[in-house]
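Reviewing the structure listed below.
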Amino acid sequence: MLVVMQANATEQDIERVVKAIEAKGFEARISKGEIKIVISAIGSKLTDKRDFELLPGVTEVIQLTTNYKLTTRVFKSEDTIVEINGVKFGGKYAGMIAGPCAVESYEQVDKTVQALANTGVKIIRGGAFKPRTSPYAFQGIGEEGLKILRSVADKYGMAVATEIIDPTQIDMFMKYVDIFQVGARNMQNFNLLRELGTLHKPVILKRGLSSTYEEWLMSAEYIMAGGNGQIILCERGIRTFETYTRNTLDLAAIPVVKKLSHLPVIVDPSHGTGLRDKVEPMSRAAIAAGCDGLIIEVHYNPDCALCDGAQSLYPEQYDALYKEIKQIAPIVGKEIL
Amino acid sequence: MLVVMQANATEQDIERVVKAIEAKGFEARISKGEIKIVISAIGSKLTDKRDFELLPGVTEVIQLTTNYKLTTRVFKSEDTIVEINGVKFGGKYAGMIAGPCAVESYEQVDKTVQALANTGVKIIRGGAFKPRTSPYAFQGIGEEGLKILRSVADKYGMAVATEIIDPTQIDMFMKYVDIFQVGARNMQNFNLLRELGTLHKPVILKRGLSSTYEEWLMSAEYIMAGGNGQIILCERGIRTFETYTRNTLDLAAIPVVKKLSHLPVIVDPSHGTGLRDKVEPMSRAAIAAGCDGLIIEVHYNPDCALCDGAQSLYPEQYDALYKEIKQIAPIVGKEIL
Amino acid sequence: MLVVMQANATEQDIERVVKAIEAKGFEARISKGEIKIVISAIGSKLTDKRDFELLPGVTEVIQLTTNYKLTTRVFKSEDTIVEINGVKFGGKYAGMIAGPCAVESYEQVDKTVQALANTGVKIIRGGAFKPRTSPYAFQGIGEEGLKILRSVADKYGMAVATEIIDPTQIDMFMKYVDIFQVGARNMQNFNLLRELGTLHKPVILKRGLSSTYEEWLMSAEYIMAGGNGQIILCERGIRTFETYTRNTLDLAAIPVVKKLSHLPVIVDPSHGTGLRDKVEPMSRAAIAAGCDGLIIEVHYNPDCALCDGAQSLYPEQYDALYKEIKQIAPIVGKEIL
Amino acid sequence: MLVVMQANATEQDIERVVKAIEAKGFEARISKGEIKIVISAIGSKLTDKRDFELLPGVTEVIQLTTNYKLTTRVFKSEDTIVEINGVKFGGKYAGMIAGPCAVESYEQVDKTVQALANTGVKIIRGGAFKPRTSPYAFQGIGEEGLKILRSVADKYGMAVATEIIDPTQIDMFMKYVDIFQVGARNMQNFNLLRELGTLHKPVILKRGLSSTYEEWLMSAEYIMAGGNGQIILCERGIRTFETYTRNTLDLAAIPVVKKLSHLPVIVDPSHGTGLRDKVEPMSRAAIAAGCDGLIIEVHYNPDCALCDGAQSLYPEQYDALYKEIKQIAPIVGKEIL
């Protein structure tokens, strides 16, 4: 932590700051400049910078980037590669996940997944428990949906990724699911993150609607701190003043977060834009920006989907997109298995 | 729902839209203007506007404000008044809640509450379970904290408000707590909201960091739909591009939400600004804007607080503020019991 | 400037940073901690922190608050008081400015100002040149409007504040106007600011729609650097994700900016909310938060206003609001002349 | 415009709304549903929706997308192609513009442009007048800079694009410049836009830091309304809560705005990210998303640049990026001339 004081601060003011720093267990070092005095608080403790901001003579207090010790690239420079069902995320690999927004019926999942299998997809997605803004909207079909996903996935040799919304669901999910997905609304559901940290299954951690890169990595840190390092970060759009698109897909998150952390970063262009005709260009863009994979909503008949049909691709659109992505990937040094 | 088409849309385009509207169970009514054609979809079903946005000739689709049937003022025009321990929130009353950010020890709560009792406070707050961005930060002392709150509250004849972060905690909380507080991060923890809806205790529902007024009311609707109408909405700041303050306290939420809904709206200036010297002016401002109460962090010794000390008032500051608020309230037609 | 490096940075990395700092004319001082190394760049030059962010081993670079040498409170601790026509802004005084959004006709201004005079207003506002998002919207009546403002102001002994949108208009404005108003869209029109800095008339500088406090003060610095210190800062709402209100009025700007700078801060609740029934509560809130004045739109017949009628108060509403404000002001130590 | 009323609105309320609509010169048509009443105001006039929001019984008022008659794709479905010096922007073409942030000296521009010429660039950029947040920062070398740009461009057979910041500069710029660039801060400098509308030279119109797609198109409409249709829109990042990158580059703007308008959309990844190592991935992403061109900062020696060196590419980096872009473009149906 760095406490910045105005150059005309009195000796008494400076001393008070030094004492406050030492009282919190830090060592204080003073650097005097012409227009500012900077006091460094040396130590590895966590503290609240605002305790110092209120002291007389202090103009600002700067907290150095929080220490996400486990997710940071500082202490592990090589890329983490998460492998599931022969698909790799991270390093020189980009993995593809696809499937319907919500599980509606066996037939719906079967027809959709059959088409995806032909395209070459090996991991499917689909929501059985849907967190919805309105209590009157379709909330998913629950455990029945998990059974359908497992059954269809087994038929086609697929792995299953699906969203968990509560720590009490973990035992149930363990029976059916290969990859836990934590939705944007739950990115800071710390009890859930802690529980997932004790498991040995990969977790896709979506970025919260208004979460900074740092908060996102701190949430990943909750999982890693429990011993589970198989984490895939997923950018899915942030909330901004522009409401024309559902969210603003922040593709700069790819190069930025991959520089900060060794964890793979994938992109969800379906939630990120909310409209089918924007999913294709943004998927291509994400791959060109160097992402480690894509999770895309596909439905064999989007016009009749119970949820988010408008952002789901038709299987033939997905197939065409997949081919384009296969062409772009090698240009940026990526391989899609 | 209203589907807007360009004036040069073909008859075929219009017919396709009409059929799509009818297929979803609505009745379609066409109004043709010079530069736009508007097709109203009449009916009370929920639908996804984006299904129509993608049809040829459509320029935009407008969803009428979601029907939060229970929280809206349309069907209940008189103010809801929530009364706890003789304190009223709503209508012509504004209620005061105060206490430390986190429960640290019996002594800390006791000393703080004693001072608050002298000022006239009848409801205390204090966190026993703290959701923290970093896994390495102080996470609260758990059930022990609830016991301390209950014990001190009983000693001084107070009611207790505290944050619940998981539906599994409800039974435990029922033993100690008078008012459930749902934090900003949990505003869309729908399982938690549903469970609170089945209880007969008041709920303070904080606005999410990036939640619109409408989403906030939809979350309240989850609680009301379960039968629990004792809801107090709490504005606590939103996330914007301005990072100088911890959040941007949106005081316009007071007149806006009170016009949309009959529920009381209180303000948390402690989290809303994050700095002690901003808490006082923003508390006065909130009262002057017509809010139904304030929830403020006070600590008998903020400099040694384990959590958010910098935004906690000293008891004597709170006492002075309380007096100013008592003077401002009648000017805007409010009474503080 | 502070360059933060990871603790495992090599001696070579550190040396490269030190050389880069010295090459830019700073002195470098190194503080080594357990998990971070901080190198302070001592000196008063301006530099671009990103030049250092890209160097190997660097994790972040922190620029100390830019030196707005003239607007900062560091070097001038007493409040600046701007006095116009006997009305004072700043210190223990709050000033009131009111009038129609746009000048439409002599009759309109006369009728409105007559009512305002009865209430006690001594400074009127009104736009003659209106910057409008659409080229097809009413753009103001130009110089004719300035003449009307001057003529009516003289009749009632008022001063005139009005918006200037281009430096080429200065000579014309000097003939009619007492206070220059710089609109939110022009907050960073630096040529305009520079020109206003050379004059001897007060300037109201509105905050840009997405401007930080620091950028706002840097724009004021452009004016002060030219020699004109009569600046009144005006908070008028920022753009956020919440689109229900026209803007999000950021009242915390009052205590924050008044702590950073000695300049007076007033509030424009009319543009800040965009709706008449929100103007009153937010005006009271602004005063309770300690602002140095209010600029409010009033029209003798808002229903027929050519511009922003919906956010204009009726004269009798303004009169009632004025009385409430007079009651709140002394509670927060303010006087309205 | 559509006025939405609650279903329990009285006949008197409805009548009042109808009269208000007719008083503004519209025709009113009523559609009654179960839970809402919608009154369409038919006509092509501009009006302020807030005039209706305040009427009793009204729950919301919806303004149909503003009529940018000239920039919209509704009335001109084919892509506008802007051609400069043999380079095409729009349709199946993507054009490349590159050069230093600021003009510093003849030698600097000459060395940089020589390298760009070898890569194949035919349009150079460079700022002679720099709008800077701080009055103490480097402000550009003025007309001397324009002369250098012209002279070097002529030597290598290039066209020149540079930023104009004031309408008074137009005559000077006409002597040296092939393309006018309007910066983000001036997107709503309507006097400047109007003047540029009367010329016969292309204009690059950058998106404002907090401007919606609609406001951006309305600004283009100012230029087109004057008769100048050679407009290139430029996405350069928006301001959001995420401050790690200088701005949040909103690549979804490409498919969205190209659907709304026939005008070409290019991307400025240099300002959009602010960091050299993010420029490359975001440039590739922009092309993959289907943009009509890129404007990129390149400096022969970025480490010594007077302005924005950290976001400028080295010539050899640009050359490598150019080759990657040439490979990606045909995959998305684009050609780079």
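By letter and in written order, the chains are A, B, C and D; residue numbering begins at 1 in each of them.
Operating definition for what follows: contacts are C-beta pairs under 8 Å (C-beta built on N, C-alpha and C of every residue); 3 or more make two chains touch, one makes a residue touch a chain.
What you are looking at is a predicted structure, and each value in this text was computed from that prediction instead of being measured.
Novice: Give the label of the chain whose average Cα location is farthest from that of chain B.
Specialist: Centre of mass proxy via C-alpha means gives D as farthest from chain B.
Novice: Counting C-beta pairs in contact, which chain pair has more, A-C or A-B?
Specialist: If we tally the C-beta pairs in contact for A-C and A-B, the bigger total goes to A-B.
Novice: Approximately how many whole Å separate the CA-defined centres of chain A and chain B?
Specialist: Taking the average C-alpha coordinate of chain A and of chain B, the gap between them is 26 Å.
Novice: Report the inter-centroid distance (CA atoms only) between chain A and chain D in whole Å.
Specialist: 30
Novice: Averaging over Cα atoms per chain, report the distance between chain A and chain C in Å.
Specialist: About 38 Å separates the centre of chain A from that of chain C.
Novice: Got the chain B residues that touch at least 2 other chains?
Specialist: As it turns out, chain B has residues touching two or more other chains at 67, 210, 239-241, 243, 277.
Novice: Any idea which chain B residues touch chain D in the complex?
Specialist: That would be residues 2, 4, 6, 8, 29, 31-36, 38, 40, 42-44, 59-60, 62, 64-65, 67, 74-75, 210, 239-241, 243 of chain B.
Novice: Spell out the part of chain A that touches chain B in their complex, as residue ranges.
Specialist: Going through chain A, the ones touching chain B are 46, 48, 50-51, 53-54, 66-67, 131-137, 165-168, 185-186, 188-191, 194, 209-210, 215, 218-219, 221-222, 225, 239, 274-277, 303, 307-311.
Novice: Give the list of chain A residues in touch with chain D in this complex.
Specialist: Residues in contact with chain D: 210, 212-214, 238, 240-245, 248-252, 254-256, 259, 272-273, 277-278, 281-282, 284-290, 324, 327-328, 331-332.
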